[in-house]
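If you scroll down you'll find the structure; I have some questions about it.
The chains carry the letters A, B, C, D, E, F, G and H, assigned in the order they are written, with residues numbered from 1 in each.
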Amino acid sequence: MAKVRVILGSKSDIKIGESIKEFLEKFGVDYDFHISSAHRRPDATALLAKNAESEGFSVIIAAAGMAAHLPGVIASHTTLPVIGVPLKGNSLSGEDALHSVVQMPTGVPVATVAIDGGKNAAILAVQILALSDEKIKQRLKKFKKELSEG
Amino acid sequence: MAKVRVILGSKSDIKIGESIKEFLEKFGVDYDFHISSAHRRPDATALLAKNAESEGFSVIIAAAGMAAHLPGVIASHTTLPVIGVPLKGNSLSGEDALHSVVQMPTGVPVATVAIDGGKNAAILAVQILALSDEKIKQRLKKFKKELSEG
Amino acid sequence: MAKVRVILGSKSDIKIGESIKEFLEKFGVDYDFHISSAHRRPDATALLAKNAESEGFSVIIAAAGMAAHLPGVIASHTTLPVIGVPLKGNSLSGEDALHSVVQMPTGVPVATVAIDGGKNAAILAVQILALSDEKIKQRLKKFKKELSEG
Amino acid sequence: MAKVRVILGSKSDIKIGESIKEFLEKFGVDYDFHISSAHRRPDATALLAKNAESEGFSVIIAAAGMAAHLPGVIASHTTLPVIGVPLKGNSLSGEDALHSVVQMPTGVPVATVAIDGGKNAAILAVQILALSDEKIKQRLKKFKKELSEG
Amino acid sequence: MAKVRVILGSKSDIKIGESIKEFLEKFGVDYDFHISSAHRRPDATALLAKNAESEGFSVIIAAAGMAAHLPGVIASHTTLPVIGVPLKGNSLSGEDALHSVVQMPTGVPVATVAIDGGKNAAILAVQILALSDEKIKQRLKKFKKELSEG
Amino acid sequence: MAKVRVILGSKSDIKIGESIKEFLEKFGVDYDFHISSAHRRPDATALLAKNAESEGFSVIIAAAGMAAHLPGVIASHTTLPVIGVPLKGNSLSGEDALHSVVQMPTGVPVATVAIDGGKNAAILAVQILALSDEKIKQRLKKFKKELSEG
Amino acid sequence: MAKVRVILGSKSDIKIGESIKEFLEKFGVDYDFHISSAHRRPDATALLAKNAESEGFSVIIAAAGMAAHLPGVIASHTTLPVIGVPLKGNSLSGEDALHSVVQMPTGVPVATVAIDGGKNAAILAVQILALSDEKIKQRLKKFKKELSEG
Amino acid sequence: MAKVRVILGSKSDIKIGESIKEFLEKFGVDYDFHISSAHRRPDATALLAKNAESEGFSVIIAAAGMAAHLPGVIASHTTLPVIGVPLKGNSLSGEDALHSVVQMPTGVPVATVAIDGGKNAAILAVQILALSDEKIKQRLKKFKKELSEG
C-alpha cells in the first residue's frame, strides 16, 4: 500500500506534526515520521527524499518555518509529489515561510498549503493516494460529505 | 488513461494556459482545457469540477488572478487533487492571488504553486499521475535527469 | 419589508456575527442568519445566494477569514449587493482575507468593509435599505447625529 | 429617478472616471461627475457629500490614490452609501490606497471595491439602485446573464 | 507664546495622548487637547483645524489608527504644520495607518512620525517651536545632550 | 532670513532634488543643496547636520532610498526639525525606504512625507518657516487658496 | 587574538545581546559589549566603529529595531565586516528593521541575519574568525557536526 | 591566496554575476564561478559547498531569486561564511527572495545583502578576506576613501 513520508524541520513544530499524523490515521494511511532539518542535517534529509520512492512512499509532506527550505530541498531530490506546509514563526506572520515554500523555480514544484495547514497537507496527500486506492477514495468521499453536513 | 483538466479564470490568462498545455503535452498527458470564471460562470464552473472524476480526470489545474477564487471553488466541488496557480495582476505584485489561492480552510486544500507558475502546475500534475503510470514516471525521471544536466 | 441575509463562513467567527446582528437589530432591520462555508458546503451556500432575492432579501452580508471566498462566491450567484467582511485569522494579520474579499474581477463586485468590520457591514446594509425605507432612514440620521455628538 | 454622484480625487485619475461613467451609462443610470480633492478642496468636497441627498442622489462613488481619504471624507458627511475605489499610484502597488479606503472606523463604512476597480464601483451602484428600480434590475439581470455566457 | 493643539481620533487612543502631553509638559509647551474623530465629527474636527491659527496655535499633532484620515483632514484645513501619528490597530500591524497618514498628495503634507510614536510627535513639535523660542531651544538642547549621555 | 538645507543621498535622486528646489524657490525661501551619502561620506554628512544651525539654517530636508538612513543620521546630529523623503528604489516599491525613514526611535523624530514626496517636503519646510516669517506665510496662504481653486 | 565588538542599539534589546554573548563564549571568542544608539549617541557610536580595527577587533555585530540604522552607521565608519541583526519591535513584525538593515547602498554592505537572529550573528562572526584561527575552526566544525546529530 | 567561490542559481541571473566578478577583480581577489541551481542540480550544488574549503576557498557568494534556497543550501554544507544575494524576480518585488535568504534558522547563518546587491556581496567578501591579507586591506581602505570623496 502507498505510504506518506512526513518530515518536520524542527522539534518545535511537533504540534503541526501531530495534526498531520492525526489526519493520515483518520484515513487509514500508512506513514513514517521524521524530524530532520534541511539546514542542520542536509545529507540525512536528502537521503529521506532520495530513498522515499524505493522504500515505498508515494507522497512526502514537509513542514518548516522561517526561510522554510525543507520542502524545496526534498523536492529537489525526488520525483514524488512533495507537499509543503509553511509555518508561522516568531516574526513576519508566516509570510517568510510562505514565500520560501511556494515560490519554487520551474521544474521543481512544491504543492503548498496554507500557513500552519498541517491538516490540509494530510488531506491533499490522501486525495493523491485516493486516485489509485478505492478504499481511501471511499473514506475521502465520506469525509467530504460530512464536511458539507458539519 | 488518467487525464488532467485545465481551467483558466479569464481569457487574459491565455499565455499561462499555453505554458501549462505545453508541459502536459511534453509528458504525453491527456487533458482538456476551459476558460471559465468562478465569478462570472459559477454554475458552469462548478459542473467542470463536479463532473471531472466521472469524466475520467484525475487532477485539475486552475489558474486565476486577483481575488483568485477559482482553484478553491473547484476544490469545494471535488475530491480530486486541485492544483492552483495564482496569477500576477495589475496591482499588488500577485500577492493578492497568492493569498486567495493558498490560504484555504481545513478540509479543502489547494496544491498551490508559484505566482505565474503554470509550468510547475503541469509538472506537479505529472508527478501525481506518474504514481500510477509507469510510462509517465519514466518520462518524469528523464526530465529530472535533464534538469540536473541542463 | 426589505431584509438582510447574514452568512458566516465558520462557527469560529460567531463573535463577528453577533456584532452584525446587534447593529441590524439596533436599526430595526429584519435578517436571517446562517453559518455556511463556501468551501465545505458549496451547494448549500450557493442556494443561500440564489434564493435570497425571491425570499425577500435585499442585501447579503458575508464574513470569512483566510482565503475568504464566501463573499465572492455569494456575489457570483446573485445581483443583490453583497457586503464582504474580511476576518483576521491566525496568520498574515488579516491581509489574506482582505485581498481575497476585495480584489474581485470586473462584473462581480463585493462591497468590502474593514478587517473584522462586522458593525460597519451592518451599517452599510442599513444605508442601502434606508434608500427606500423612510423609517430606517430616520434611525440612520439619528445614529449619524449621535456619532457626531459621542 | 435615483442618481449616482461620481467624484475623483485628481485629474490624473480621469481614465478610471471614464470607466465608471461608461458602465453607469450602459445601465441607463443618471449621474453627475466631479473632480474634487479631499485635501486640496476640503470644503467644496464636503459640500458635494452634504448636498448629495437633497439634490436627489442615492449613491456616491469616490475614487482616489495614495492616502486615499476622499471616500472616507465623503462618507463622514452623508448617510448615503459611499463606494470607494482605491487607485494604484506610483509606489506601493496600490496597497496604500486600499488600506486608506477600506479600514474605516466603526460608524462610517465605505463600500470598497478592487484597486482600480472603477467598473465594479459602477456595477455595485447599479445593484443598489436596482433594489428600487425595476428597469435597472432587468438590465442588471441581463448583464449578469451575459457575463455567464461571455 | 506659541501653542500646540493635540487631537486624537478616538478615546481608545488615550494612552498615546498621555505620552504626547507628558513630553509637551516636559518642555514647558502650552497645548490644548481634543478627542475628535475625522469621520464621526467631521465639521467639529474641521473647525479645530480652521481656527487653530487664529486661536494662537503654531503646530497641530493628530493621532489616529486604521484608515487614519485625521492628520490629513486637519492638514487640508490649515497652513500650520501638522504632525501625524499613525496608530497600531487590531490588524495589519499598523501598516494601514502608516500608509493613510504618510502618503499625502502634493500640496498637503503631513509630517509623519513612527507608528505609535506619540513622544516623537511631541519632540518634533518642540523642535519647530524652538526655532522662534530661545527658552524652548535651550531645553531641547539639554534634552539632546541627556539623550546622548543616557 | 531662515534657510533650508537640502541633502540628497545620491546623484541618482537628482530629479527629486529639482522638485524640492523648485518649490522652495516658488516660495522665495533660501536654501543650499548637497549630495552627501550617509553611508559613503558619514563624516562630511554629519558636519552638514552639526553646522546647520550655526550656519543659519532652520530646517533640513533629506531624501534617500533603500535603507534610507540619511534623514535619521541627520536628525541624530541636530535639534533642527528634519524632514525625510523616502525614495522608491529598484525593488520593494519604496516600502524599504519608508520604513527606514519613518520608524525612528523615541527622542530623534524625522518628519516623514510620502514616498518620492519631494514637493511636499518643501511645502512642509515652508509651513515651518512661515510660523515666523509673515511674507512666507502670505505666499503659503495664497498657495493654499490656489490649490482649492485648481 | 581576533575579537568581536558587539553593539546593541537599546537597553531593551538586552536579551538578544545575551544570546550573542553566550554563543561567542561557547566558541571561546573574545569580545567587548556596548549599548550605544546610532541616533541618540551618534558620535560615541561612530567612535566605536572608527576605533574598532586599531583596538584589535576583526568583526562588529550590531543589533537594532525599528528604523534600525545602527549596523549601517557602523559600516559607514569601518572597513571591517559588520553583521546586522534586525530586531522585531512593537509593530510591523520586524519587517521595518529588516528593510533598514539589509537594503544598504552599493559600497557599504551589512551582513544581515534573520530577524532576532542574535545567535546566528555570533556564529557568522565565528565563521569569519575561523578563516585565520585553527582553534576556532576546530570548534566550529565540532559545532556543525553536533548540529547534524542533534 | 584566499579565494571566493561565486554561484548563481540560474543563467538568467548572469548580469548580477558579472557585477560580482567585476568587483572581485577590482580588488584583485581570485574566484571561480558556477551556475548551479539548488533545486535542479542539488548534488552538484552540494559538492560545490562541501569541497570549497579543501579547494582553497574562504568565502562563498550565492545569488538566487524567488524561493531563493541556494545560499541556505550552500551554508548547510560548509562552515565557510556564505554571502547570500536575494534577486528580484517577476513578482513580489524581491521580497520572496529576501525572506528565503535571510530568515535562516539558528546554527546556519547566511550573510544577506540587499536585493540585487551583487556588488555589495563582493565587497563583503573582500572585507572578510582583508582580515588576513594586507594587500587586499590596503585596496579596501583606498576604495573606502574614494567612496567618501566620490
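Basically, contacts are C-beta pairs under 8 Å (C-beta built on N, C-alpha and C of every residue); 3 or more make two chains touch, one makes a residue touch a chain.
Note that the structure is a prediction, hence the values are computed from the model and not measured.
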{"item": "Any chain that touches subunit H and subunit C", "value": "A, B"}
{"item": "C-alpha-based rotation, subunit B on subunit D, 0 to 180 degrees, nearest 5", "value": "90"}
{"item": "Geometric centre distance via CA averages, subunit E-subunit C, whole Å", "value": "35"}
{"item": "Distance between the centres, which are taken as Cα means, of subunit G and subunit B, whole angstrom", "value": "45"}
{"item": "Interchain centroid distance [CA atoms averaged], subunit C/subunit G, Å", "value": "50"}
{"item": "Interface hub residues of subunit A, defined as touching at least two other chains", "value": "40, 42-43, 66-67, 92-93, 95, 102-105, 107-108, 114-115, 147"}
{"item": "Pairs of chains found to touch, sorted by chain label", "value": "A-B, A-C, A-G, A-H, B-C, B-D, B-H, C-D, C-E, D-E, D-F, E-F, E-G, F-G, F-H, G-H"}
{"item": "Subunit H to subunit B touching residues, read off their complex", "value": "40-44, 66-67, 90-93"}
{"item": "Residues on subunit B engaged by subunit A in the complex (per definition of touch)", "value": "2, 58-59, 79-81, 83, 98, 102-115, 117, 119-121, 123-124, 127-128, 130-132, 137, 140-141, 143-144, 147"}
{"item": "Residues of subunit E that touch subunit D when the two form their complex", "value": "9-10, 37-40, 42-43, 46, 66-67, 69, 72-73, 75-77, 89, 92, 95-97, 99-105, 107-108"}
{"item": "Subunit G-facing residues of subunit E, complex", "value": "88, 93-95, 114-116, 147-148, 150"}
